[in-house]
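Read from first to last, the chains carry the letters A, B, C, D and E; within each, the first residue is number 1.
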Amino acid sequence: MTTVAATTIKARQRPGDRIFSSATLIAGSLILAVLAAVAIFLLVESLPAFVADPAEFSGDTTNFWSYVGPLIFGTIYAAILALIMAVPVAIGIALFISHFAPRRLAQGLGYLIDLLAAVPSVVFGLWGIGVLAPLVQPFYTNLVDWFGWFAPFAGPVSGTGRTIFTVAIVLAVMILPIITAICREIFLQTPLLHEEAALALGATRWEMIRMAVLPFGLPGIISASMLGLGRALGETMAVAMVLSPSREVIFQLLTSQNSNTIASNIALNFPEANGVGVNILLATGLMLFVVTLIVNMLARAIINSRKAFSGAN
Amino acid sequence: ANEAAPADDAPASTLTGTLNGAGASSMDAAQQAWIAGFQTANTGVTINYEPSGSGGGRKAFIEGGTDFAGSDSYMSTEELAGEFASCVPGTKAVDLPVYISPIAVIFNVDGVDELNIDADTLAKIFSGAITTWDDAAIVALNPDATLPSATINAVHRSDDSGTTKNFTDYLGQAAETVWTEKASDTFPFPGEGAKGTSGVVDAVTNGTNMIGYADASQAGDLSTAKLQVGEDFVAYTPEAAAEVVAGSPLVADRAADDLALDLNRKTTNPAEYPLVLVSYAIVCNEYADAAQGELVKAYIEYIASAAGQTVAKDAAGVAPLTAELEANVAAVLATVK
Amino acid sequence: MSKRIEVNDLNVYYSNFLAVEGVSIVIEPRTVTAFIGPSGCGKSTFIRTLNRMHEVIPGARVEGEVLIDGNNLYGPGVDPVLVRRQVGMVFQRPNPFPTMSIQDNVLAGLKLNNRRMSKTDADDLTEKALRGANLWNEVKDRLARPGSGLSGGQQQRLCIARAIAVEPDVILMDEPCSALDPISTLAIEDLIEEMKSEYTIVIVTHNMQQASRVSDRTAFFNIAGTGKPGKLIEYDDTTTIFSNPSVQATEDYVSGRFG
Amino acid sequence: MSKRIEVNDLNVYYSNFLAVEGVSIVIEPRTVTAFIGPSGCGKSTFIRTLNRMHEVIPGARVEGEVLIDGNNLYGPGVDPVLVRRQVGMVFQRPNPFPTMSIQDNVLAGLKLNNRRMSKTDADDLTEKALRGANLWNEVKDRLARPGSGLSGGQQQRLCIARAIAVEPDVILMDEPCSALDPISTLAIEDLIEEMKSEYTIVIVTHNMQQASRVSDRTAFFNIAGTGKPGKLIEYDDTTTIFSNPSVQATEDYVSGRFG
Amino acid sequence: MTSVLDATPLTNSLTAGKLPRRSSLWILLASWAVSAAFFAMLFLSGNVDGFNIVGTVVFGTVLYCVAIYVLSRLVEGSRKAKDRLMTALVTAAFVIALLPLVSIVYTTVVNGLPAFLTPTFFTSSQRNVVGAGGGVLHAIIGTLMVTGMATLISVPIGLLASIYLVEYGRGRLARAITFFVDVMTGIPSIVAGLFAFALFALLFDDPGIRFGFGGSIALSVLMIPVVVRSSEEMLKLVPNELREAAFALGVPKWLTILKVVLPTSIAGIVTGVMLSIARVIGETAPLLIIAGFTSSMNYDLFGERMMTLPVFVYTQYANQGADSQAFIDRAWAGALTLIVIVMVLNGLARLIAHWFSPKLGR
């Protein structure tokens, strides 16, 4: 018996495990490689932009930084506005589906929201121009009339409603299904044990959600929001179609002068760009890359600071 | 279903192959009509025209990525000085005007159906010097209209575009005291921006107290302004647009077979509508790949022919080339190999 | 603070499956009542109906009435939240909130009603509850650490501390000691003994020694076979149940006395 | 089929926290060994090192050696998967696979390893394992239903059935009965008695009666205080440990005999 | 054994302070009515042109939230009031999300149906079509092939990478991957297109390269991070107990992952994959750059230009011919087709998820 054990316990290498774990490792590394390739591509193509001749920049700008500054601002501004609108609503929807709606309805409702994810960005663009902007324009007029003293609502109001605020709404609608879907799955996974613990303490449904569901889902909510934020930062066509852009840093939300976003600016100017112009546009893409990097570092820092309290295990 | 070759056609053409072009989006609708016409006659040929923008189109052509380019502007001298990858080394490419389209000044103002405007006033509106519809300058040109005292929302192209370049070129020449910016793809002043011709049309349609400029074929149901030419106010027509092109000289100091035009924006002849856009087909004098050269030649000949121009007029509302220009283009094409 | 529980002819269903049938029972205030019976006989199911926790399970529903000091839990317009505040519960599996620190876990229920608690009050209450659950010495240095880092037994005691912190009238315990070592179990049993003077306590246990040690009265549940409903077989003073039960099934069950 | 286990001076760490210190113990084949001790003393931690299950917890590591029939579990090139096939484990909390039917759960050890077998073999094996775990009668009509629909006790017995279905040499049980009723517990204890003739069995229990009933030898673990490592205090024949222990701490612990 | 009380007491202390049943429904209707009355008055007084339905609903809902909170607070106390308010808000969030959805779907269906219903729409390409008519077969085939290939590339890579992160990865590499996957989500789609174009132009030394596979690569760059992120979240939710149970049965890690972890989380993973497909199937900018534009059929992913639905929609809208209505109709019909395709895929995915997902007793 001892000898049998000796041969069986000292195993041959387990090929399945080796192959599988290497495959996952390769896949993970491949992602890094692709990202590195994209980064190198952007970096190499960007270099000429930093030393470009002042005449190459359109408008009044004379160097890359004054060119890209307003674009970075616009990108972040629109994305943050979108996130502010989308995240609470998405959490609300996810909760509605996971904890409020009658169980039989919930599945169908989830499907309905997923439908939004199916809408291509061009259609969001068309809808933004044709339906949303004309619809909100009168509200904008009222806002400017009544609250014009509040800087972001200062006039003159846009005649078409195609402002950064409208863009933010469109972006919010676009990222809503992404955030909702992930939050929903996470909320549904909240351990029943913890929900029961809260309810048994005499918590109302909302208090139970505050106590058990939301804290458990927090890292997931942040991840989902980052995914949504990434989409909002990088969205190209819908923004290009809806936004009425200009080249300055503009805080006003309701005028026809709006800071453009980086992705939209590339889409607008790339077809006619030549020479260093192309490099300048790609350099703005690199800047977007850097912005995303920084934003994600912040998000990671937040998640990690609460790691010990995460719901896992 | 529509992919199969027509069965009982007349003696089929011997041409076969795929031809790729790219460039100005303005001529995309016309290109689709030309492609359809050409492919119907030559069932073995597939032509793709990619409306990726004039600059992108020229760049792709110069680098050898496409067989021909469509462009709202003729090639710059730097571009001409360089190499053309699709052409026989050392040979150059030429600009051939094949597409003429009037640019309409479109507006959407409550209670206003007709609008007369002159170049100076137009320049002031788009540069932001005039901000309300009941400004004295506009009222003076339109004594009978009931103009509201509302803010003017002037829409320009937010993307770099040949339409903008022609529009600003017109203002720069016809209103040189007011419009001091030089012609460019990028609109130089603030205001409302919209992407693409259709974006501008949508913005003007959906907004209030709007004015904008767009390729005339896309104006649709929108009201269009009449431009003051000489003493008269001229509405755009294909004929008036073709007329101003016919009356324009070639750009000086270029190869004899390069038909780049120096448009006469300052015309005072009321038969002409000076706010036009001319698009060029850019082709090699001599193709490195002779078979491709033959295809390009056949295709552009078709485009510039009377038949091709009629197809484009029907499908895309463009102004046909005048007979004289047609002949000039044909003469150049005859030398292309 | 203690309440009297009266159950009249209660049936509990999971969708169409009748899990517990026709239970009628009266539980006097300031007593400890133990539920015993084989696995699957519906002890957990029944005890959850005493604070409407079964409603958390989809498809679970009751017929009949449960009166707490004469108020029907299932009367029209009754708010389950109020019910659960008065009838606390400790579960079979320890379930501290993993996202909260130990102290926050203890105060979780309290904070619901009393948002503004002074730091000293909070600390006092934490200490009191943790001492009550015999956990204070083990965790007093790491009150700010997550509750999920504790061992199983420690976690369960944390849950008991959390339940008693809200000072309910009735405390239901579903096998609270099944994950505890003897010392902790002893502590909890002492605690139950103490709490009896103030609360009505119902405890499910598999441990008949425990039942006989802590309870005043014992209810024996049984099940005729798989798919059959669980029933209350006998309910009497604990001493009677263990020494001189009137039903044969009870005698059979308790005489396999062990554990 | 049974194996001898020898542990030499084993330390177990969670990252830098020394949870169990210097355990040396010899477990003979065809015996039942019980681990007892207060909560948090490292019983679970130690038993997991006997089939390298601690490696699943990030940061957990051992120093020292564990020999199974003379083969060091922690020797170079040892495959933990093979170790675990020979040393099976039943956990404190029932953990049936939620995606699988009851039958598939029983056969999981085989099916998950891509082992093929005929339908009749599978059915026979299922019945045998379920009977062994005293669950057959309760579930024989719903073998195709999900395992997660069972009560806690039923789930745990399903897990025991699953573990014995792969016929390991050694079976480790971490408080397998803490969620079971007396009848099921009795059945499991009988089962352990039966299995003893073929397997080496190690069982963690809080229930000292259980330890004295089922085990041949008993190991008492203790902990000096929070943050201190758990240690093996005394290891001897069960009768000796419970009647005449040589260490005072053991005596103190077992004389608070109850549960 | 039991004593039956003669009568239950008149007042049940457990009901103390509760709004009557269905009161929230009545309050909601009343709020909307008040709001409607207000907007009707505005309308009648001539200050605004047209009765504002959206305004009525929005204002009415806000009014409801305030009313239910105040009433509940007075009758039921602050905790219950908060619960009611949050219930109202959560429900409102859902309704708010439905508004754009309904609006977009309505707009697309109304505008797209005329061309969608023409007999040639699904049987022919745009080859040789001038003005009205023709179809989107070439674009449907292109979209299915390009997106299908992108899915084939992204799902294995993304899923394996997420498995690496959750099951194997510790230390720096895992942290780097987690982090850069997030960064990758921020790559603008057009940059992905430019990258794929630059890559293949370099590889094949063809400055005008256009082919479907290039589009798949560009889409994969956008898709992979979504797959990784969502799968990772789903895998993390699988309880460790299940892994331990499998390990303890002597199941090797890779089989445990394959047969226990993945099936347990399959529903979430499928949802994530669908999301990622939905994320890229509507992309225009990168495909314009690398997959190109054609009005003819092309079944070859590796040669020549390939049309896709979003590019079709965009170019039909952006470059209208003289008969512009025909182009706009086709653009909307193309969009409708795209939405229908994603819906069908979504439905299939849900079925798959349903078949494989854990049969939970809860």
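Convention: a contact is a pair of C-beta atoms (placed from the backbone, for glycine too) under 8 Å apart; a residue touches a chain by one contact, two chains touch by 3 or more.
Chain labels with UniProt names: A = Phosphate transport system permease protein; C, D = Phosphate ABC transporter ATP-binding protein; E = Phosphate transport system permease protein PstA.
From a predicted model like this one, the values you see are computed outputs, not experimental measurements.
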Set of chains whose contacts include both chain E and chain C: A, D
Both-way neighbours, i.e. chains that touch chain D and touch chain A: C, E
Pair exhibiting more inter-chain C-beta contacts, D-E or A-E: A-E
Distance between the centres, which are taken as Cα means, of chain C and chain A, whole angstrom: 46
Chain C and chain D, separation of their C-alpha mean positions in angstrom: 29
Approximate Å spacing (C-alpha centroids) for the pair chain B, chain D: 83
Gap in Å, rounded to a whole number, between the CA centres of chain B and chain A: 39
Sites on chain C at which at least two other chains make contact: 58, 81-82, 86, 93, 112
Chain E: positions in contact with at least two other chains: 79-80, 240, 252-253, 255, 317, 362
Residue list for chain B, restricted to those that touch at least two other chains: 25, 52, 196
Residues of chain B that touch chain A when the two form their complex: 25, 52-56, 58-59, 151, 153, 155, 158-162, 184-186, 188, 190-196, 199, 202-203, 206-210
In the complex with chain D, residue positions of chain C that touch it: 37-41, 44, 92-93, 137-138, 141, 151-154, 175, 178-186, 206-210, 213, 226-227, 253, 256, 258-259
Residue ranges of chain A touching chain E (in the complex, touch as defined): 14, 16-17, 19-21, 23-32, 34-35, 37-38, 41-42, 45, 88-93, 95-97, 100-101, 109, 111-124, 126-127, 130-132, 135, 138, 173, 176-178, 180-182, 185-186, 189, 192, 204-207, 209, 220, 223-224, 226-227, 229-231, 233-237, 262-263, 266-267, 270, 282, 285, 288-289, 291-293, 295-297, 299-300, 312-313
Of all residues in chain E, those that touch chain B in their complex: 120, 123-131, 134-135, 206-210, 288-289, 292-297, 304-305, 315, 317-324, 327
Residues of chain C that touch chain A when the two form their complex: 51, 53, 56, 58, 81-82, 84-86, 88-89, 91, 93, 95-101, 108-109, 112, 145-146, 148-149, 159, 162-163, 166, 168
